[in-house]
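Common to both upcoming complexes is chain A, partnered first by chain B, then by chain C.
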Partner chain A sequence: MAGLAAAFGSGAMTNAIAEIEDAGCIFVIGSNTTACHPLISRRIFRAKEKGARLIVADPRNIQLSRFADVAVQQRLGSDVALLNGMMHIIIKNGWQAKDYIADRTEDYEQLEKTVAAYTPERVQTITGVAPADLKRMAKLYATSQPGSLLYAMGITQHTTGVDNVKSCCNLAMLCGYVGVYGGGVNPLRGQNNVQGACDMGGLPDVFPGYQKVSDPEVVEKFSKAWDRKLSFKPGLTITDMVPAMLAGKLKGLLIIGENPKLSDPDWNHLSHALKNLEFLVVQELFLSETAQVADVVLAAASSAEKEGTFTNTERRCMRIHKAIEPIGQSLPDWEIIRRLSTAMGYKMDYSDPEEIFDEMTALTKSYAGMNYQRLGIDGLQWPCPDHDHPGTPYLHKHQFTRGKGKFHAIEYQDPAELPDEQYPYFLTTGRMFAHFHTGTMTRVSPHLDIEQTTGYVSINPKDAGSLGVKQGDMLVLSSRRGRMEAPARLSESVEPGTLFLPIHFGENPTNVLTNAEAVDPLAKIPEFKVSAVKVEKLTA
Partner chain B sequence: MQCKIVPSVCSYCGTGCGILFEVIDGKINSTLPLKTHPVNEGKLCIKGWNLHEHVNSFMRLKKPLVKTSGRFITTEWDEAIGLTADRFSEIIQKYGPDSVGVLVSAKLTNEENYLAQKFARAVIGTNNVDHCARL
Partner chain C sequence: MNTKVKHWLEDETIDIFLGYKIVDGHPLPHCFTKERIEELEDLIVGQARYSLEKIATHITTVNPDIKIGMLARDCNQRALNVLFIWNQLNPENIETININCCPSNLKEHGDCSYLEPETAGVYKKQVGVDNNLQPEDVEKHDQPQRLTRWMYEFQKCIKCYGCRNICPVCFCTECSLEHKELVDPGTLPPEIPIFHLVRAVHMAGRCIDCGLCEDACPVDIPLRLLYRKVNEIVVNVFDYQTGASAQQSPFNILGDTVTLEPKPLESVETQN
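Showing the complex of A and B:
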């Protein structure tokens, strides 16, 4: 989200999900939308029925590609070059929104200079995308107004993740599509309340509402509200916590509703780190891979067993309701934290989540106009600063949150690891339709488990042929970090030279192969989407 | 037989589809799409239709667990909370508040995320709080 905030001043999906239907052109890059966000892909199909054009850029041949006006498979990690190439063509043909650029943005000149070097021919050598396809992409996006750009982890999980996002923002601003109905730059959040977790200050450098911990006035405000002296020092990100554990600096860890043993970029590294802790506590529904190595596991209630709110990817804060009593003696996470805090000498005596919500809205401007009564069934989209405010379906209408939209001139950089003689294959990771994240919820669900019970590795039939591999044969994949086994699935969805692994399966952990050292310098997001591996057939 | 319908929001991906839990005699029997909801307009994906299954799973943890000599033993809440509070307090006293971290998550409600970061900042006294959006 750092890239979006730098360009626009606000790190969230700019437009509402329903608006996608009314776009003139939809550009999907790095999102396997039909598998990961099926009810958003429905809006894409509705838009197509209404006449919208569809562009899909993904290193894999995904389901959505079949419905696209133009679909390209750019080489893994080459997104900046692809986007710069589109901008090069748009500017060369004068399709950019000149008045919008002049009135509402800054630093355009530098961008123009940088993308001038990204000729279609040069872009082809980096991305593998043919100049004719690149030209069609640029023309469709720039001339079918308004254009809605959708992206997901395929853009962010790279060492150049922030650059990728800034490039998406550049392209959308170049065509004047930010701050208009049906347009925008729209990151699709992978988990139900990622947006809310960020909004609530679940980050080492900000309090709720993205108020900086380094700002003395902000610290003063929260110190007063919480009646405690608070620290000005920004904390550690999850990617920095692992080395801190290994160095013996981080001794105690509380993990609430997370399974980092599967989601962390480096299984081996993290296992050592967790062992090095003096005390690990996990609040969970299930005995997940991470919970198994904890000292204490606190049994948590599911979202069907408590009241509260979630904020979805389009910034819509919505209520959830208690349908049943907590299973067994499990407790809602808020009640566990309340008891723990009280036991540590800081009395929390909330009787229900509504009291917590009201305390939060009093300290958080973008949620200030919300209360449980107003949220009703449909919820409200932030910013919603006062009780008469109807909520905000799309951001940056008259001006950007930061004032002017900022162009960032971005040069293409190679991913941290490229295939070589020893590790000749590209490996990328992702999700499949029936499962969710590390599988803790979906793999215990009989109707979802039956769709896919084990991990697998997608391999192009040409590569399979040259290795003498048949469907279902066990393959051994190894990288500079480790090795794992998975059955082969022959599929044209990956290009020759590229392999794909789904992340849901703990017995075939993808993160023994991926690279924890390669992180985006600013956002600290690991490069899950590109690593180099070698592959062999397992011989018994 | 007692039957009630409870409106809620799907807890899988970030789309945030409106759902209805069908509750019969205190057990969730099915998940249905909410027809009037602005996000999903009466549709759900395969994960959403089966949302209740993980809630009902026999694998759910029913009591707190404490590891003693390498094995988990079920305990009462007061004991588990007391032990956790004591161990964190010891670590803070010995190594300072920045020796403790809290990982919140996208699976928690806003209220719980708010409370968890308040716990890290006001109770433990550290800004070592992050979540899994990066992963």
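Showing the complex of A and C:
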């Protein structure tokens, strides 16, 4: 999100999901869309069948690759080089949107200079992508208008996550695809309401609507609204909290709806940090791995048991309706927070979520025109500044949120860890279709459990052959952080030399292997997508 | 119509009535009751179409004696006939109010959301199977072509089980699609073509050509067309029109020496 905000001034999917169907070209990079965003893959298939071109760039050979006009498997973590290489070719052929660049963007010259060094041959040595494929990608994307670029965690979960996003923005602006129907730069968010959580200020440095904690006027506004003098000081990111816990500076922690024991990098390191806490409270639906080590667990109600809103990946805020009463003594999150706050001395006096929503819209410009009545079933897409505003399907129409779109000249950097003699394999991690994140909700469903009951490691049949490994044999994976075991799944979806682990399974905890220290310097997102490991067959 | 339903609920001909209600501009399936009889003012008949009989089946598994009234188009009626044959619903416990119907191979005119599939895109026409085709149109292609085209369609499958979950006549507590001996679990696309063929085989003598599966399919696989072909074989072999009546089907004649009485399958919920 930091990369998008720097380039465009707004950290969200630029265009609406339905518009993908009307794109001239869809470029999917770092997203296993059919498995992780299946209803967005529907739009891709429909666009393709209507005649759109499809480009897929993913280190794995994914389901969507079968339908692509060009599908490439770039080496893990080489996205900046790949995107710079595409821009190199586009500029060389004069396919860039010259008027658009002149009228609507800034800092183009530096970009042109930087990408001039990314010749197809050099890009091949970094990414492994053949010059002919790179040329076809560049040509299809630049000449099949409008181009819609889709990405997910495959772009962001890197030490160069922000650089990767900025490069996506560069490419889209270069072709004049931002601020147009059917185009855009479209990050596919990993949870149903992660956009909403960020919009509501669920980040260490902002109030709702991304109003900066460091801005005195903003602090003044919220201090007045909440009748308390508020701090100017941004809080800690989760990545910074771990060292703070270890140093004893962070003593108590309230975790709401997250299972960091499974989802955060370097399991052993984090477990050690959690043990150092004086007090840990977890607010959860189920007794997750993290909830199991908490001092107090607060039972939260699920989305079927409460009223409220979710804001999805396309900035669409939608009502949710209670289908059943909360089971047992569980309570909706807002009610738990209300009681907790009141008990701690700040009285929160809300009778329902609608009252909270109305308070929020009064303080947040992008949501100002919304109320429960207007949301109906279809919801509204922000920005929606007043009650007559129909919502905004795509952003940056006449001008970018920040004024001019900003090009960032980005040089390629290696991932923090590359295979070496001791740890000769690339490891990448991700989701599989049947489970969601750490499996707290999906692994208790019998129908989903049937699809996948345990973790596994995808390994190319050639590597399996040389290790003498058959389908289902137990493998031991180790990295500089730790070791874990998982049964082998022989699959051509990974190249020789690369392994894939799904993240859902606590008994095969993938994040024992990943690196907590390899983070993006700006966004602080860990490099889940690249680690170096060694692999052996488990011997009894 | 509303008066009739009101009488039924008041004189306890039925305990509940399944119909549609407009919520925020969308017609949604709704269960009308005597306790909230005033809601009947919102009961509407429009183009909305849902397998209300599937809701009736779920309710009946939990409460076998409940009397259910429902709106019924021709497709709902055909589905009810199949559910009666397979002992999933008891005809004595079901009352219907017949309403206008969608065009299908069985009826040409109607009024429902599923008037025609959308026009197929150029690429789909080129490499896949156009959802608007008839079985005989597809058979004009030679066999390798047909296989390639159907495999293109199946490859898109995201294994959402939407086809099964919406199907009014899918009622088994154990589903063959979830048997790992038949279909390898855990992969996308699912094992093809077997995933789709297992379901197609099970549609013989069961599919009532409502097209809800195809409506539900997020990736536009022409499922209705596939099952139509299956039932064409059923007509040719058994001269049996699925769903046309509640008379015994050739698929559940157990033979003279078998005296088993088929009973409604117990769901997991009732066992617990």
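The rule is short, and it goes like this: the second predicted complex is superposed on the first by the 540 of 540 C-alpha atoms of A that agree within 3 Å, B and C clash if a C-alpha of one lies under 4 Å from a C-alpha of the other, contacts with A are read in each partner's own complex, and residues count from 1 in each chain.
Heads up, the rule we're going with is that a residue touches a chain if its C-beta (ideal position, glycine included) is under 8 Å from a C-beta of that chain, and two chains touch if they have at least 3 such contacts.
None of these values were measured; they are calculated from a predicted model.
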item	value
Partner chain in contact with A:His447 - chain B first, chain C second, else both or neither	both
Touching partner for A:Cys198 - first (chain B), second (chain C), both, neither	first
First, second, both or neither for A:Ala23, with chain B first and chain C second	neither
First, second, both or neither for A:Glu49, with chain B first and chain C second	second
First (chain B), second (chain C), both or neither touched by A:Val178	neither
First, second, both or neither for A:Ala12, with chain B first and chain C second	neither
First (chain B), second (chain C), both or neither touched by A:Ala488	neither
Partner chain in contact with A:Phe222 - chain B first, chain C second, else both or neither	first
Chain B versus chain C as contact partner of A:Arg66, first or second or both or neither	second
Greater residue coverage of chain A in the superposed arrangement, chain B or chain C	B
Contact residues common to both interfaces of chain A (with chain B and with chain C)	38-39, 42, 377-378, 433-434, 447, 451
Interface residues, chain C side, partner chain A - complex	23-26, 120-124, 128, 155-156, 158-161, 178, 180, 185-186, 188-189, 218-220
Contact set on chain B toward chain A in their complex	4, 6-18, 21, 23, 26-28, 34, 36-40, 43-55, 57, 59-67, 72, 77, 80-85, 87-89, 91-92, 94-95, 97-123, 125-135
Chain A - residues contacting chain C, complex	34-35, 38-39, 41-42, 45-46, 48-51, 63, 66-67, 376-378, 432-434, 447, 450-452, 456
